[in-house]
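So, here come the structures, one by one.
First chain A sits with chain B, and in the next complex the same chain sits with chain C.
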Partner chain A sequence: MAVDLPKRAYSGAIREIVVGKGDKSFCVGGETAYPFYTFEGKIPNPPKFGLDILDIEPEGWAGALLEVYGDSVKNPVTWAKKCVELGADMVQLTLQGTDPNDKNLGADHAVLVAKQVSEAIDVPLAIWGTANAEKDVEVLRPIAEELSDRRLLIGPVIEENHKQLGAACLAYKHVAIASSPIDINLAKQLNVLLSNLGVTDENILIDPTVGGLGYGLEYTYSVMERARMAALTQQDDKLQFPIYCNLGIEVWKTKEAKLPDSEMNLGEHKQRGVLMEAITTSSLLASGADILIVRHPDTMKLGKQLVAEMLAG
Partner chain B sequence: MFRIIAENINVMYKTIGTAMKERNKEPIQEMAEKLVANGADLLDINLGPARKGGEELMAWVVETVHAVCSKPLYLDTSNVAAIEAGLKVHKESAGKAVINSISARPERMDKLWPLAAKYNAGAVALVLGVDGIPRDAAERAANAAMLMAAAADAGVSPEDVWIDPIVIPVNSQQQQVGYCTEFIGMLPEMAPGYSSTCGLSNVSNGSPEKLRPLLNQCYLMMLKHVGLTSAILDGLDREILGIARGERADLEKLIGDTMDGNPPDMSSLNEEQVSFVKTTNMIMGKTLYSDSWLDL
Partner chain C sequence: MGLTGIQIFQMLPKTNCKECGVPTCLAFAMNLAAGKVELSACPYVSDEAKQKLAAESAPPIRTVEIGTGAGAFKVGGETVLFRHEKTFFNPTGLAVLTSDDEPEDSVAGKLKRFNEFAWDRVGLTLQADAVAVRSKSGDAAKFKALAEKVKAETNRGIILMTEDAQMMAEGVAACHDRKPLLYAATPDNAEEMVKLAKEHKLPLCAKAGDLEALAALVEKLTGAGVQDLVIDPGSRQIGRVLHDQIHIREAAVQKKFKPFGFPTIVLPFEMTDSFQMETVYASMALCKYAGVVVLSDFQGHNLFNLLLQRLNIYTDPQRPMKTEQKIYEINNPGPESPILCTTNFSLTYFIVSGEIENSRVPSYLAVMDTEGLSVLTAWSAGKFVGDLLGEFINKTGIKDKLKKRNVIVPGYAAVIMGDLEEELGSDWEVRVGPREASNIPSYLKENYS
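Our next item is the complex of A and B:
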């Protein structure tokens, strides 16, 4: 006898957001069902993967990462090209060098690197600050202006600087990555504030703030899960945005991902970090991630394979 | 009849705290008289932890207050000896004193319910359990059942057991507020004849200051609708006192209808009514909390 499986009735949909410009631009979002629930609704745009590069040569990075990128890490332009060669859907340029608690490089440096990277690649580009409210305004605003034709993703836009960065996205037609500290209510509130400012619905992504595996992943998971429930079943239009997960930085800063075999007896270091990043990736995919920024290309391969298989049904 | 417990005689408030420290009766008595004039049925005497000299202080405050009014007092401190000192001097003619509070933890229950019985007093039965704040309505009910059983064993009668559901801030734990409401709704069947009470203003803790009164007022009416029999309130806030006394039947009906699945036609409502319906829906969890819930 045929069994009729119960189906959930969804009342909302995630908005479709265009990322980047030109041939390599893509759409994310558009879901009308929970992640990979293709039997209940549509998942028109598969989740996309970006690789994360820095504006300066990385210090203290895991051997597994340095090995795969080789000398390219000495120059953000070659590094970005390498990422595209490796199959990244997009690149995130993290402005590590502008961190006031580190090298504290200025806007001139940031604009120059962003411009060079942007000119060197045709895939979409995200520019990520250091989550220092004031410094990010100082460096991200001129980048937004300089690259006004690129439809960049700009983040993290946080409550403290949402007016300045939101206005910059609005004025120069970029997408704002609205970032809140693993809190569903604050995520919603920031989107309300951005809307009030005039940032339109097709220009917002949600960054729930990611905790890596063993470092708060389950909290991020719950927040994303609840955001999707509110968006899809409660018609909460302030949460009907695609979700951007900047996870590579979180995974690879942990000692479990970084330490060489001689200092950590938890399996071979080359695999250890990738597997931690891959588990984080698959968990975030299962809870609604639309864009995932990782650091190791093997994680990206595993993630893409998982997405393809899940959507093949 | 819904009873009002005024929260204002509290060591944390500057004038009162100083008066307690200096054993200056006047500000405390003035406050007590004002609260009674405003319609308080009981007065909460909150000494905080009162580790040092708590006994002497509690006895002094109880006598000070009872010199100007004849209302029963909530004796609110974690210092058990101070509570007993208060019970000893609490005027019989004022009615029954209430221990605030007894949680569902064996060491608290074993000590405090017999104390309530010994002095013919009541107590707030706080559903806080061994594992901390209960995770849902069922856990609240389980803890309440334990407290009720322990109270009965000690010989405290049901109406003297004031069940407190633990109100949680809606801005950070919206679901928990739903469980709290659900639990209060279970009490008429689960605990008929028992009293209930709550620290209402915690629901708005952390929300924008200007919206706190709306949240407090709305949640009070919601809890009244499901059967709450008393609340600890700001005894100087005329609006919330009016609501406690049932002076806003119009809003109570609107909120009750919204909760019972008969939502009003929003276009027929005035601005105040819309705010209360929106807030009710938000507290019920129909819409996710954000500080801007009224603007959406």
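Our next item is the complex of A and C:
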């Protein structure tokens, strides 16, 4: 029996953004259809996966993570190399040590670690601050300058510091990760502000702010779906950017990811954390993620397999 | 659904009797068109109008109930493609597979976990919905025995899985009074399966090799008088599955294509041997429209996470999730422990309580009912203010348990400090905590450990 399937008319496309430099650089974005709707349009660049490392030895991390990385977590350079060996498309260096509410390490430390990590790996590198507007300017700006040949991804660029960080990205040719608090209008507004500043369209990614599984995932999910809708069917050119999801940190800080085996009937802790991260990943893929930063390499493997199979469908 | 307020108004009594709660029939018609009220609120509407309106407002996807009594669950009844357009209504049913050639202890373990696994979250109980009983041995007695066992040991839904109609009859004999879902009618066995489904008024799955064959099969089954259908386009490759699920939902919702106006079933257990990958497939099916998902096994680590995802995806985006108003004890607090305050928006509660747990500092968390608003919104709406918060804390009687009486307000609501001090009295110390929950652990460690 003939089936008359509806066909959506798309009027826009997501911009293609080049991440990193050299042989291992890659393109994200370029979609002309909703996530994995390959029957309606093109998904030219499969979503990419990055692993998240810290500038200092992690404290209070789940055993499942510490076990897989072993001693490498004691040194960001070894850790970053390990991530590349594990097959990461890119690495995100989170500057946990610079958190003013914690160790409050300074720019010298941050620049040194970023430089060492950058020299040790050839895959694209993202540098992620602590979302403290002033402190992030203090540490991210000198990193942008020092690594001006690297085409880094720099974030989170938030409304409060978009001028300083936007200018740094502009001056040293990096990509700004424009981060807004789970709100499509604020996401758009920040992109407008960055444009006004002179940051060009090929240098912006959207971070919608990720709520992990059970911790606000539904908000991120719907903001991303709405952003894609506006971008692809309503010609909203200030939302036509690839989406960057920094989800590992959100998943692995939850109580559920850290509980020991069998506590609350929640099964094996190793699998539980990975599956929490993997389900967050698949949900974000379904709603439009282009780059996903996770913490467990098994999540990355599952995610990559899912992406490959979904695009083969 | 398709009718405008004016069209509905034409069918109403136009007496403006006000008994429905609004002043005019026109206002009622407008509310009805917007889906804000039920037609049953009008005591005088004619039967003819009722029928017409019911037909117009029937969801484009039929609601199908599986099981009986308190253990029953509904699937389908969906009206939109994206959750933000309204909401998704009936959460994907999660089922665990058992087979009649499976070792007894394996089945016993699955049934035990199925019965035991239940988690409370935001006042809801998260649990799975059904046990699937599959004929694999080819032995009708074994199939029947397994169906009887599942019926005896569980009280939620049952899915009988065999394409052999004679075999299915054995399963139906064992548990038809529990209203099992029959999986599946195919183009080859449709007549016999229809007979079984009709005899006991059971929901039936239609399974075909592709979308066109599925549409033809559904026509055949509905033509033969079976309306409670669950449909399976037969795809088992995740990309293909996703496309089929999308096509089915869109054809039903946007084109009102009747053969696809039914909930779907997805079988990740047939798609991979990897437990983790199976869970990932299930999670994708959960996002994109599956009515029922059958997995090879439930463990705490896959089921809990899938239930959380289901809760997230199926939460009504227009209605904030709320947590119970009370003082929560975290990390075994004592008389010296501080009280942190926040609102009862469930996300706020989860995040704040999680960060307090992370700090390992014994604390109380006073969660005030703000109708599910977050801190800043509740404060600007006048629902999270000093005198109300003070009144709440006083009423709980927590004061008598404490020696130190420190209360910490969220950094974003620092302005409520004065009123709170006044309300609580001088034997309390009110402090301003961090603005962001992520800074709670360092704040507590610094000040209270």
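In this text, the second predicted complex is superposed on the first by the 305 of 313 C-alpha atoms of A that agree within 3 Å, B and C clash if a C-alpha of one lies under 4 Å from a C-alpha of the other, contacts with A are read in each partner's own complex, and residues count from 1 in each chain.
The rule is short, and it goes like this: a residue touches a chain if its C-beta (ideal position, glycine included) is under 8 Å from a C-beta of that chain, and two chains touch if they have at least 3 such contacts.
Every value quoted in this text rests on a predicted model; they were computed, and no experiment measured them.
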Inset, instruction - Report clash or fit for the pair chain B and chain C bound to chain A in the combined superposed model. - result: clash
Inset, instruction - Examine A:A9 and indicate which partner it touches, taking first as chain B and second as chain C; both and neither are also allowed. - result: neither
Inset, instruction - For A:A286, decide between first (touching chain B), second (touching chain C), both and neither. - result: second
Inset, instruction - Kindly classify A:L239 by the partners it touches after superposition: chain B alone (first), chain C alone (second), both, or neither? - result: first
Inset, instruction - Check the residue A:N185 against both partner chains and state whether it touches chain B (first), chain C (second), both, or neither. - result: first
Inset, instruction - Determine, for the superposed model, which of the two partners chain B and chain C contacts more residues of chain A. - result: C
Inset, instruction - Applying the touch criterion given at the start, work out whether A:A230 contacts chain B, chain C, both or neither, answering first, second, both or neither. - result: first
Legend entry - chain B versus chain C as contact partner of A:F39, first or second or both or neither: second
Inset, instruction - Would you indicate which of the stretches 24-32, 60-68, 204-212 or 276-284 belonging to chain C has clashing C-alpha atoms with chain B? - result: 24-32
Legend entry - chain C-contacting residues of chain A that also contact chain B: 226
Inset, instruction - Could you pull out which chain A residues touch chain C in their complex? - result: 1-6, 36-39, 60, 101-102, 131, 211, 213-219, 221-222, 225-226, 229, 253-256, 262, 264-269, 271-272, 274-276, 278-279, 281-283, 285-287, 298, 302-303, 305-306, 309-313
Legend entry - Of all residues in chain A, those that touch chain B in their complex: 183-186, 188-189, 192-193, 196, 226, 230, 234, 236, 238-239
Legend entry - In the complex, chain B residues that touch chain A: 171-172, 174, 286-292, 295-296
Legend entry - chain C to chain A touching residues, read off their complex: 82-84, 116-117, 119, 121, 211-213, 215-216, 219, 237-243, 246-247, 250-251, 254-255, 257, 259-260, 275-277, 279-281, 283-284, 287-288, 299-302, 304-306, 308-309, 311-313, 315, 317, 347, 350-351, 354, 357-358, 434, 436, 439, 442-443
